[in-house]
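Chain nomenclature is as follows: A, B and C, assigned in order of appearance, with residue numbering initiated at 1 for each chain independently.
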Amino acid sequence: MAESSAIRPPFAITLPPATSRSNHTGAWRTERPVYVDLLPPCVNACPAGENVQRWLYHAEERDYEAAWRELMRDNPFPAIMGRVCYHPCQTACNRASLDEPVGINAVERFLGDEALRRGWTVEPTEPDSGYRVLVVGAGPAGLSAAYHLRLLGHAVVIRDASPQAGGLMRYGIPTYRLPRDILDLELARLLELGIDLELGHRVDDLPAEMAEGGFDAAFLGIGAQISRRAYLPAGDSARILDALSVLRTVADGGAPVLGRRVVVYGGGNTAMDVARTARRLGATDALVIYRRTREKMPAADVEVEEALAEGVRIRWLSTIAYAGENAVTVERMRLDEDGRPQPTGELEELPADSVVLAIGQAIDPSILSDVDGISVVDGLVQVGPDFMTGRAGVFAGGDVATNDRTVTAAVGQGKRAAQSIDAWLRGRVTAAPPPRRLATADRLNPWYYADAPAAVAPRLAVPRRASTFDEVVQGLDEATAVYEARRCLSCGNCFECDNCYGMCPDNAVIKLGPGRRYTIDLNYCKGCGICAAECPCGAIDMVPEQT
Amino acid sequence: MRAQREGSQAVALTVARCRPEVICAYPISPQTHIVEGLSAIVATGELAPCEFVNVESEFAALSVAIGASAAGARTYTATASQGLLFMAEALWNASGLGLPIVMTVANRAIGAPINIWNDHSDAMALRDCGWIQLYAQDNQEAADLHILAFRLAEELSVPVMVCVDGFVLTHAFEAIDVAEQELVDRFLPPYRPRQVLDPQAPVTIGAMVGPEAFTEVRYLADETQRRALTVIPRLAEEFTTVFGRRSASLISPYRTEDADLVVVALGSVLGTLAETVDELRADGLRVGALGITTFRPFPTGAIRAALHDGQRVIALERAFSIGSGGVVSADLRAALAGMDCPLSTVVAGLGGRPITRPSLRRLIAETARSSDDPAPQQLTFLDLDRDQLPRARGGGAWPSSA
Amino acid sequence: MAVQRVKFYQTGSFAVGNRLLDPAMRSVQADPARTNAITSGHRACCGCGEALGARYVLDAALRATGGKLVTVNATGCLEVFSTPYPESAWQVAWLHSLFGNAPAVAAGVSAALRAKGRSDIRVIGQAGDGGTVDIGFGCLSGLFERNDDVLFVCYDNQGYMNTGVQRSGATPPGARTATTPVEDQTPGNPFGQGKFVPLIAMAHEIPYVATATIADLRDLEAKVERAMQLRGARYLHVLVPCPLGWGSDASDTIRLARLATESGLFPVFEAEHGEVTDVSPIRRRVPVEEYLRRQARFRHLFEPTRRDDLITRIQARADATILRFGLIDGKEA
């Protein structure tokens, strides 16, 4: 290069670099980009209120502990959830509009199992408050309430009439869906927070026990553990059982005698559970009879599919007209113009050694009957939006107060009830959080997401399934779990893909660093909107400038 | 060393000794021998490092030169006539950017009608573009002016055009002393650019300048070019010191001090003019000749000093402005404002028509004897064949094929 | 595409960056310390595709050359909006000469650097479609024929936008411009045989020819990097939508580049010494209408009456291009 020591560039013809930065083109703008944080549909759908997107974000980075801790802020049972939750998050997942929903449930299971493998624990976040709360019922609602109350610094005692904790997690869900060692480990970890558990203790007189124990508040999570009974014409020697008792007997280690041909009456998850259990107990034929159609069956799709895969047969649009010793008489139904099943009069006799009724659960109101302020209407304890009953300081949640009938819903209600109890104890009024805008699929720019079909969790081979109570659905290995987590689109929340930073023609997006996202350089942003248009997850809005 | 050489070859050799780093050229008569000569020299490798680029047009040629010069290389090209016009916008661009490119223009007429022979209409058409224009009167000057040109260009950061009459000089054989390399190196140091494209010190060259600063840029360009009026004489003296012979400078007066009539001219005609002056002087007419070597910037001061009141002046031009009149005359008239120097314009030698001694004698003698002041804007065409005109004007019968 | 696509299942290789990707594997544009060869404060229209294209190309070139780069720019939008005295948005060594001579000037810079023994410093010449396809064409061909060591980049926005949206040799058929107005049944720009300079460049059999758009940044950067690995004359043709000239939403600039590719109207490929070596297949094909509808310069094809005759002809061109380059499943005609 020729020596340029005597550089005397000609006036105006030659300019120093980057002198354009004195020209603040931001003045041209009529609208500006604003980064938003919207409510992802998965978070919106989770009955337990988990921040699903947030813990997937950590899992993507292989920071499983951070992911697990985020999860544990809302739900103490990820390993259980990963096996029994019906994942409404996946139903709501926007990825379904691209290929298939993200396997959130499978990732949650991986995180839960990983935590158990590594022995991670949580600690209470608040100092001891001095308050004592009684939790009645050691099912998912009660356990969740106890967990959150303990984290918030309160002393908690759980009392449950059963010999073991878990509620329907132990006594209703078969082990091939939820192995008992997993249940026990997560239970133990929860109790290690410093929660007292008194089993075999049925609370008959709530006000007395509260006064005696010095409890400042109580949470009722006693569930709906009584099977509904319907009038069924039957012979004297007909063998008729109820599903919950059957499942309970199996859970206690017993083996109910159902015979070779079992008929299950009902269409919910319990019906599926008991039919699949019957197969494992040796029934050669498990037939589910349901009076409406498949679409109307309340059982989760995955339960129905797995039951069918295991050889359970289902007969829709049918009722049991009569139960005899060795057979049932089945009447065909038809749907009328209003979609209601009507008897047709066509009868058929089918061989059956036993009939198991799975037509619903009801609460046991006995403990509540004389308690002032607590009322039961239509089989549910009445609670306000804060989950408090009519009696001050007594809260309720789970199957006893709502019809949701899932473990996840119970966990979520237990959490919200605990938060209400905490506010009530401390004399605070919790304002409802401002409503958040939903991150809908139309805000996405799906081009940027690579084609990646869902990973399929390995499953036990069908022939094996029907003969053991071993877990049917297995977990994902780490690589697959990470792959699945990374299918998350991060709807409505920036995940630092750099599109805005890279696509601004005016170099007006400032990258703040890992985890800190971006900010707009308003000195230069012309408001073209390319950033918003090309944001894959719809985390940028264009808002008009104030004139 | 003095030797018989073709003018073009002497120029090529001299330019080669100026150590150009990039040479680019598009062939056009009568420049071809220059670029062929340089091509041969480059091919031998003795000029290395030097890139010889064969371009696809004259516009490309000057454009390549612009790029090369901006990147800090000493750059040379050559053209003529149509080629010069084809690179017209690049000429303005090069001077505007302040790039010290040296270019030989082998002066040639401009078509239509196409004509490959010598006159000055090409360079004159581009006299306003900001390039310094030097006119050689013989082949020694043609060669030597190139050395001066590189030095001048690089000192001022202004491009320089060396005008050499096409065919008359370029293809003529003369005894020429081509400067020795050692002496050229003494006179012409390596090129140190005023500004350069350098990734380590990036600048933006060639900005868009609006009304608020354009006038000042142009003013400065004029101011810079006019500095040549002092720089050229200084360099000419230095040239003499180094090379031991006279160098061309701003003007070249011949027996003008006591002349009653002076003929002002540019280029090779000055040789013929000198002989004519001697002949007429022998006949008792006190006449002289004034050669303008530096036409741009116009050497007003030097010309006013070389002439005095009472001298008649003939501007002998090899180009003119159609619809107006003389070109050199216009500058001359302005330069002589306030002096008593009646000026007449004579256009001669267009399209290669020879300017002969007899014609010049007749012209000068008649003018000297005439007592009339020439009418302003009077335009005389030397050796105009008036017999051809009626036929040309009237559109006479087409030659039939029969 | 010569580069192995990064298989990454969140945003794959389609987004500019990804927090989960090793920084060394991210695009040049994702780098927080990127060179920003053209920086803020320039006067390009809101949403200008050319400003983006220039930064993409030059930042990639600066990385590939270790900063040893000189840029020669023709007259046009890019030059005018980036260097109005006293402001320059450039942070590279940059020279502007004239409209039609950028290839020749770049050749001159390259020759000078070689003469000075500094061939390690690389040269990029750049121009719009006007300065490449029309007025710069002669010089461009000269550069190709001599195989000068220059990467020449054309930012194609399909018209003379800087002077007010007049038609160029690169204007597509059916487009309205200021010099191909729409009257009655006229189509706007006539349906001629086109002037696709990448193919002309290939006919010169130069070492490298490639097309790209600003919608596929990774592809564009990879091509610049590839080009800088080679010596001799190289040509890169980048489609850059112009909201002003095309009559489109400023926020649609990237989307339109994407649709141009996905409809088959703009083929994305690489060639060496006159032979196509790689093709970027269409990922999700769309009918040309989806692309045309978003641009006011094609509005006359839909309003006041729908011109199916013209739309069909344009679709036929897209179909032919897809077949010719094998843009779907590599099936060539």
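FYI, a residue touches a chain if its C-beta (ideal position, glycine included) is under 8 Å from a C-beta of that chain, and two chains touch if they have at least 3 such contacts.
Every value quoted in this text rests on a predicted model; they were computed, and no experiment measured them.
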Comparing chain centres built from Cα atoms against the global Cα centre, which chain wins on proximity? C
Return the chain pair with more inter-chain C-beta contacts, choosing between B-C and A-B. B-C
How big is the gap, in whole Å, between where the Cα atoms of subunit A centre and where those of subunit C centre? 49
Just the number, please: Cα centre separation of subunit B and subunit C in whole Å. 44
Go ahead and note the Å separation of the Cα centroids belonging to subunit A and subunit B. 92
What are the residue numbers in subunit B that touch two or more other chains? 72-73, 97, 198, 201-207, 209, 213
Name the residues of subunit C that each touch 2 or more other chains. 83, 85-86, 88, 90-92, 116
Using the touch rule from the top of the page, what residues of subunit A touch 2 or more other chains? 1-2, 12, 15-17
In the complex with subunit C, residue positions of subunit B that touch it: 21-22, 24, 49-51, 53-57, 59-61, 63-73, 75, 89-90, 93, 97, 197-199, 201-210, 213
Parts of subunit C lying in touch with subunit A, wherever the complex brings them together: 7-20, 26-27, 29-30, 32, 36, 38-44, 46-49, 51-52, 55, 82-83, 85-92, 116, 118, 217, 243, 249-255, 258, 284
In their shared complex, at which residues does subunit B touch subunit A? 72-73, 96-98, 157, 190-196, 198, 201-207, 209, 213-214, 216-217, 220
Which bits of subunit C are touching subunit B when the two form their complex? 67-70, 72-73, 79-80, 83-86, 88, 90-98, 100-101, 104-117, 121, 138-139, 141-142, 145-146, 148
With touch defined as at the start, can you tell me which subunit A residues reach subunit C in the complex? 1-2, 12, 15-25, 28, 60-61, 447-452, 483, 486-488, 490, 495-499, 501-508, 511, 513-514, 521, 523-524, 526-530, 532-534, 536, 542
